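These are the structures, in structure tokens.
Two complexes are shown next, each including chain A; its partner changes from chain B in the first to chain C in the second.
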Partner chain A sequence: MAEVVIFYVFSAVTLFGALGVILHPNPIICALHLVATMCGIAGLFFGLNAPFIAAVQLMVYAGAVMVLFLFVVMIFNLKQEGKHIFSPGQFTNGLKVLFGGMFAGLLLSSILFKINNFGYLTPDKAAPQFEVKNIAKVMFTDYVFSFEILGLLLLVIPIGTVALSRVRGGTHAK
Partner chain B sequence: MGSDLFEISVNIGKMLGIFLLMVQMVPLLVWVERRGSAFIQNRFGPNRVGPLGLTQLLADAVKFLFKEEFRPPASVAFLYYAAPVLALIPGALAFASIPLAPPFEVTFNGQTYKFLFQVFDLGIGIVFVLGISSLGAYALLFAGWGSGNKYSLMGALRASAQMISYELALGLSLVGILLIFGTFSFSEMVEMQRGPLSFTFLGQPTTISFLPNWGIFYQPLGFILFFAATFAETNRAPFDLPEAEAELVAGYHTEYGGLKMLMFYIGEYGHMMVASALATTFYFGGYELPFGSESLQQSFSPLAYSFILFGCFLTKVLVFLWIFIWVRWTLPRFRYDQLMDLGWKTMLPWALFNTVLTAVVVVLFHSSGS
Partner chain C sequence: MLSNLFSIGIGHYLFVSGALFVMGMLGVLLRKNILVILMSIELMLNAVNVAFVTFAYYLNDVNGAVIVLFVIAIAATEAAVGLALVVLLYKNFKEVNIRFFEHLKG
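Showing the complex of A and B:
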């Protein structure tokens, strides 16, 4: 019973946030809706008895990535009156609907494929494989190579960023 | 929650009690802060209302309650009102997951119940607290952008950049603690810090009987980095650039007054309490007494013993809170580029060094779960 309540509450938060992201004209409010989506997804993970993944979701996406997004959006001071996603009388609206529909179809079919082949993920089924020690064991034994490669990729990004900003005179440029 | 009425009601009482503990500490801390700052600066501080000026807080609370309700016309209503509430939530949630004393058993109507001395135990303590407290930046961002004021916005931008920068050093300084204890759970960590200092040195079990088995002796550098980073995360001086009153009027809470302002205060002190409680749990043995807990445990009932250890925990937390206040009134504020340089060029490399050093030491000594 509790899981059902948790699921519906956080699904509603996630969907509300996701709709807000694409429907609101103001970019900052959009970013805040995305934060709500991230928190909703974290809540869904909590409901699946995966508190570690939920907390990491909060820490990485809601805590770090979205704060940076907001920071950048606020610094660039975008115009408050942005464009609505479906501004009337434009030819590209058809394309938007078309590509959006294609992407939605792709997502839906992959979800349906997952459910048909593996069944629904329930809290009791999810618990053991989401435990911290099991995650760590799998990550550092079976998938250690891809883990290290990903770490290297992430290391390349900050080095590249520093190198690029140095070309322009660095952070203390006059 | 619990299986019957007694368990549920005790759990709800506990939940309220721990939340109120956090909120009710705030007026006392404000008093300590004002009297303490006066003591440090050779002034008197509030000493007119009541004994030692203690009822000044009551007068302040009444003043806060009866102030005019006001919203700037350029503000965004939802964000403006949501920000003070949001400032309270991360601190309260994080504080609720920290064990304040060992669990105790109570017999009622012939049944024995076991209660934790904390609101919930997720078993992933550190990650949960880091995840929740990283949401603290949103209260400042909401307030800064929602007020429709340039100074507020500047404060919010500073706050977000600062919190992200120091979260890295904070997280990395805790990796050493994770390597030493090998667990995420606060209660397991505290259990491991019981008794005298003992570890396996080159295959020889060594015990130093005059020192307690506290994390500070394994992670001195980690503690310094952690404690410095918490100052930045709580936006306290010398890291209070989000509200630097000499530059930004009052930063993100320029447009707030009355009870809404008070809620930001409670949030800030709540973060301080969480930071102090975390420092106590990681590095100073949590609720464990340094010495003589066995004889105490035998001479008191389990409930009384729990409360004695709760007093021990509270004492340690209060010491840290005093250090927070002490530092605020001793050190001047950083310049913004100094703040960023300290975070990225000093604390981050040292935290990485601490991580590597701890890993090497753990492998060399290979103390199986010291």
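Showing the complex of A and C:
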């Protein structure tokens, strides 16, 4: 019963937050809705027996990335966009929504048709499969090369970001 | 399907993941503000993470969880670079409307 409650509460938070992100005119409120979405997703991870990933999700997204977003939104001093939050063009927007709906239908139908084939999947609820120890074992054996490359990426990205934000003018120099 | 409403299975989580992905996609396609577009990209990445953890849980396989950690790290760096570019664009053009940049010429 507990997992039912966890699933419905957190998926409601997640989907409500996502709707707020794509529909609210004020970018700051969009960012706050995104925080709610990240917290909801962390709750879903918790319901999937992965508390470590839930904690990482909360720290990295709801903590670091969202502070970055809010900081950028606030230094821009953006005024409210008013009614025109979507790109202009009624016809193209209708087309985009139509294709988005078709894609949603494709996903939904593929889940619904294949759901019976997933019947044999029985999660081992007692085993602590996503413990830090198990994750670390795989990460530092099978994925150790990817891990090193990730470290290189995390070295390169801050340098690139700082260099990028110090660029003056470029081809549009005044 | 209705009889399964109170026994949470793999389909429920995949449904949430798919809905989140489609919402992020519509946000990228429809919104005008570059910052909100970046946020929608984060939504799509998180939808994929939910799908990964769901399959990892139901297949009793820890590989999916490890890949989610990689995706989270890469998404954080991607957000940093994207926001740096947005700040640069705003400094040069004083504009965050994506339609303003459709004729970028070098």
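Here, the second predicted complex is superposed on the first by the 122 of 174 C-alpha atoms of A that agree within 3 Å, B and C clash if a C-alpha of one lies under 4 Å from a C-alpha of the other, contacts with A are read in each partner's own complex, and residues count from 1 in each chain.
Basically, a contact is a pair of C-beta atoms (placed from the backbone, for glycine too) under 8 Å apart; a residue touches a chain by one contact, two chains touch by 3 or more.
This is a predicted model, so every value here is computed, not measured.
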Query = Is A:S109 touching the first partner chain B, the second partner chain C, both, or neither of them?
reply = neither
Message = In the overlaid three-chain picture, which partner chain does A:V35 touch, first (chain B) or second (chain C), both, or neither?
response = first
Request  = Using the touch definition from the top, say if A:V67 reaches chain B (first), chain C (second), both or neither.
outcome  = first
Request  = Kindly classify A:V56 by the partners it touches after superposition: chain B alone (first), chain C alone (second), both, or neither?
outcome  = both
Task = Tell me which partner A:V21 touches in the superposition: chain B (first), chain C (second), both or neither.
result = second
Request  = Scan A:V132 for contacts with chain B and chain C and give back first, second, both or neither.
outcome  = first
Residues of chain A touched, compared between chain B and chain C (which is higher) = C
Request  = Name the contact category of A:T161: first (chain B only), second (chain C only), both, or neither.
outcome  = second
Message = Going by the contact definition given at the top, which residues of chain A touch chain B in one complex and chain C in the other?
response = 52, 56-57, 64, 68, 75, 171-172
Request  = Write out the stretch or stretches of chain A touching chain C in their complex.
outcome  = 3-4, 7, 11, 14-15, 18-19, 21-22, 27, 30-31, 34, 37-38, 41, 44-45, 47-50, 52-53, 56-57, 60-61, 64-65, 68-69, 72-73, 75-76, 78, 81, 84-88, 93, 96-97, 100, 103-104, 107-108, 111-112, 115, 118, 121-124, 127, 129-130, 134-135, 138-139, 142-143, 146, 150, 153-154, 157-158, 160-161, 164-165, 167, 169-172
Parts of chain C lying in touch with chain A, wherever the complex brings them together = 1, 6-16, 18-27, 29-33, 35-36, 38-40, 42-43, 46, 49-50, 53-54, 56-60, 62-63, 65-66, 68-70, 72-77, 79-81, 83-88, 90, 92, 96, 98-99, 106
Note = Interface with chain A, chain B side, in the complex: residues 79, 122-124, 127-128, 130-132, 134-135, 137-138, 141-142, 145, 153, 156-157, 160-161, 163-164, 167, 184, 337, 340
Key: Interfacial residue positions of chain A with respect to chain B in the complex   = 28, 32, 35, 39, 42, 51-52, 54-59, 62-64, 67-68, 70-71, 74-75, 132, 171-172
